[in-house]
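Here the chain labels run A, B, C, D and E in written order, and each chain numbers its own residues starting at 1.
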């Protein structure tokens, strides 16, 4: 039996952030579905969607914001699988600082990773829901990721940083102790998940089925603490350098894994709550990330496959 | 080469005019320097002419105009019946400065015109001829030397070989022997005469040596500067082929003296 | 300039040896060309010497070694009591090739040595002198012209001016007048004599013209090629100051003939 | 004879025909097309290809917009710029970064180029480090720049200068080797000091090489400034492009880039102009003052 | 007299002292230091500054690691490379990208350089477009490259070639202007066609300029390949650096970059070596074959 070659594209070069894929590859779940998956990393969600649109990749892991942006521009990309079900973003401050909650940031500069990434929409959403307005009550400074954020904090150019939880974890692990002050109610602002072009769904629904099935198996396998060693080995096989330091990899993995466990497991892995989508959508429109509401929001995501995958 | 035979073959075409310049003037625009003022010339096929005149009087400019490298400001240049509108293949020109190419050996520099005209293969076939020419000018053994290892006079001799290799019908020579010692110069003069006669080539020579002009030429043009113009055409009635001992004849002396006197009249 | 006075001031230092070369040999490594073989020279202060020899016999190489631009393979060069280990400021050298700089006008090219020695201010002060020199060599009106607009001989004359402007004590000249017409050449020769006598400068001239060598020199060195060596030192016993009419004297003719015969003996 | 006849036939009028025999480079038929026409033709050809590619629908509009979309957006941006709105401010910031970056690159590149070209210490000991440094991905050093210089334009200027310096070093160093032996020997005999030989001989001779480096650098400095802004904290044109890109607003990305390239063109043209005026003898040599 | 005495005193032995009077460039004291020593000295100085900076604690180790950390990591990477592990594979991929990118850049850059340098059509109509294109931030085009060429090395090769082409164009074009009037006139009188003048005169004369472009391009091609890997897909060294950077594993970032710069150095040295062999007369002129 010959395997079908497909490409999965992720927005950053990390096996841990896309762990279900890597685990499914190494554990042979894809192979059992007749798939040979190749992973490529690009630089952000925008390029992920561009890669999908150009047909260079079949599946990707963009954030929900960019997906809606792309749809607003007529690209029929569909959010397929909610992986980071709990918000994978947060607003963090330096551990030693006195900020207790978001309103304390009034008049401060908040660093963001990219100019208009998902974490920016997220942070904007939080701040505006608390009645704070950009450039009046706070300002954003695009600082980039990792080292740039560290530089910004050490120079005191920023008081807080809107980041993905993984990024914050890495900074903490590397010695820059950070504290998360994100209000809990924003956990429903889910993060990146798997997406596909509508044309792929139309043409080859079987492919979508088998892809998701393998992902769910990878997710379940990884979620089981018994398998931790195997999982870490799988991740290392996929991206050796990231997982050279086992403790580091494990710590990071736990952070990410926690975000993928849904509050309500009954709906199955990958399920997307329309209410959460509405919230995202509303927030994106309010904060100007979307110029106008999307008329066909429900078409931006699909739960049609969730049942099959979770069988 | 049988010189008598050469002289014979020369006769029939004697009246044929190869070059005709008609009131050629040249003014360099930038500083309005008038380099040439109404120069008229008629060179017959197989004839040897020289131009003599003080430094800066426009000799090189005249040669470049004849070669089609520069345009006259006014006047016309006709070569073999057609106006000169650019460079032509039947002309061999030697510049005042040798200009050998440092990435080619002496031999390769010499066969360059052949390579350009007929390709690499023809050039290789001419290597033997080039060697002979090199030996003729006393550069045997320097075939594979790069030009930066040649002395000033050696470079000049190599440039002469480069011009001769194509056996051009018209030779325009700008002070070709200025860096040579007397002995080599005399020898080269005689060789040049021999070659021109044998090939029935038309030669036009710029020189600063009056004896050289007289011994080689059928006509010597005397130029005066500012503006550069031809003040006299001196026909040289010495018999051909010329030999070096003619230098001691009274007629030769008289001609040299006459030309010198024509030049002397100007202040430096 | 009072020539009698010049001759007087010259006497006391007459025995003073300025240059001393002792069995200077030079072999170019790459092809083992022996350019110079055991050359011995002694130039006295205020003397004028010429070297004459066929093209490629090593004259330029000798000059470069004397100027400290190249090292001899063996032998020693001593100038004014100290071995030559590099170039020296008291030497003025003129190369076979004029080499003017295209980004400087003629005048700026001429005062360049002054600018280098004493700075821009001093150079400006010498503009008058430079103009005078330019007028002397017949280049009046070309002060502000860029070198690409000069003819071959004009460039050479500008290079002469450039060498003279510093009033060097020792002049090394490599065929300085090769691109000049006879008349200018004679004139320049006399000027060169006048300048050297007036300044009590020591001159060493490479030339291909035997009469030029004889009329100017106290001693003529005759060189032969392969390997380049001095085969004869010919003392010239004509009285100073020399004049152009001496050319017609029998003594002059005899000297020229002698030197020519020394050169003739070699095959080309 | 025939030559004479022909010549008589030409008469006085012949002068005008023969005036053209001046020596010039041969020109191909391409060269005889007026500049404006040829540029326009190229432009239209380019537009046509672009239009066809997008019309075929093989390329998604979020990757490559149509010429019409970009055209519309060019107008929007132009209006914004003319109104002195935020885009003008952003352009001004980028222009400042480019200007200072180029100034620094010229200074540093020239100095290092002289070190490398003049001393064998520079050529053999310093140059390897310079090459190594320039090979390194500058992006990796961005945090260092920011840590030292902050998020203001200083860090972008540094990155821009960093990228533009290397071409200038190489050009300057190559130029210092261009003087020929004759000229060097002449300077030697004039007793020129090393410094004088450098300033009065080698630098003028090497100017064409220096300008080659400068031209390449002028383009590099633009790329450097934009890269710097991409990395973080900028308020310039690069940031606008980045925001547009992250919103997948490709027409905007393209039109911003087009405006940006105008700055680059202006800088390059300026360098070219300076070269023509500085190296006048080089031009004169080629074009025969006639 | 005194000169004679002195000379006698020197006698035969003097030859050896005088052998040094060969004309060479003046050397400063810096040049007399052996290369190894000077490189090492520079290196140690650099290390010392680095050490001091990190020891002062003004810079977070996330931004700048200590020399010791980097040293340790250099060993780890070396072991990985020697063991033929994943890093060797990554390096091999990057090397391939660089190689093909450079080959394409040379071909395209040379051709366009000839177009620009030879024809006024090229210089005045094409060059502005080339400048404009080169000014544009390549990063913005990365999605286009990926869309057309996929995630494989083709898209990185394209980006690398893109960046390296411009210096080669400028160098080649500048070189074609380097031949002087005398030589051009000579070719004219030989009846050389435009093509022959180009091949046999202008190109050889312009080689030093061409190599200036090539050297700058050789460094650009490295930067291009790495940038390409940073932007999307690829399994090369750039990807490793990016992973390390995203994990804030700064010592690893630094040590990977150092290994990377070795490839760049090798490429540059190779170009240099080729230049020495191709432009032998230029060198000979300068160093006086003696």
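The criterion applied here is as follows: a contact is a pair of C-beta atoms (placed from the backbone, for glycine too) under 8 Å apart; a residue touches a chain by one contact, two chains touch by 3 or more.
These numbers come from a predicted model, not from an experiment.
Note on connectivity: the fewest chain-to-chain touch steps from subunit C to subunit D number 1.
Fitting subunit B to subunit C on CA positions gives a rotation angle of 180°, reported to the nearest 5. Looking at which two chains touch through the most C-beta pairs, you get D-E.
Averaging Cα coordinates per chain places subunit A and subunit D 41 Å apart. As a whole-number value, the distance joining the C-alpha centres of subunit B and subunit C reads 29 Å.
Annotation: 18 Å between the Cα-based centres of subunit D and subunit E.
Work out the mean CA point of subunit A and of subunit C, and you get 86 Å between them.
In subunit C, the positions touching at least two other chains are 28, 30, 64, 68-69, 87, 97, 148-149.
Touching of two or more other chains is recorded for residues 23, 59-60, 62-63, 143, 147, 181, 185, 188, 230, 245, 282, 285, 288-289 of subunit E.
In subunit A, the positions touching at least two other chains are 46, 50, 53-54, 146-147, 150-151, 154. Interface residues of subunit B facing subunit E in the complex, by the touch rule stated above, are 64, 67, 69, 87-89, 91-93, 95, 97, 99, 101-103, 112-113, 115-117, 146, 148-149, 166. Every residue of subunit A that touches subunit D in the complex is listed here, in rising order: 44-46, 49-50, 53-54, 66, 69-70, 73-75, 114-117, 141-144, 146-148, 150-152, 154-155, 157, 289.
Within the complex formed with subunit C, the subunit D residues making contact are 182-183, 185-193, 196, 200-201, 204, 280-282, 284-285, 289. If you check the complex, the residues on subunit E that touch subunit D are 23, 25-28, 30-31, 33, 35, 38-39, 42, 46, 59-60, 62-64, 119-122, 124-126, 128-129, 131-140, 143-144, 147, 166-167, 170-171, 174, 177-178, 180-181, 184-185, 188, 194, 208-209, 211-213, 215-216, 219, 222-223, 226-227, 230, 238, 241, 245, 253, 257-258, 260-265, 268, 282, 285-286, 288. Contact residues of subunit A toward subunit E in the complex are 7, 9, 12-14, 40-43, 46-47, 50-51, 53-54, 56-57, 145-147, 150-151, 154, 170-171, 173-176, 239-242, 248.
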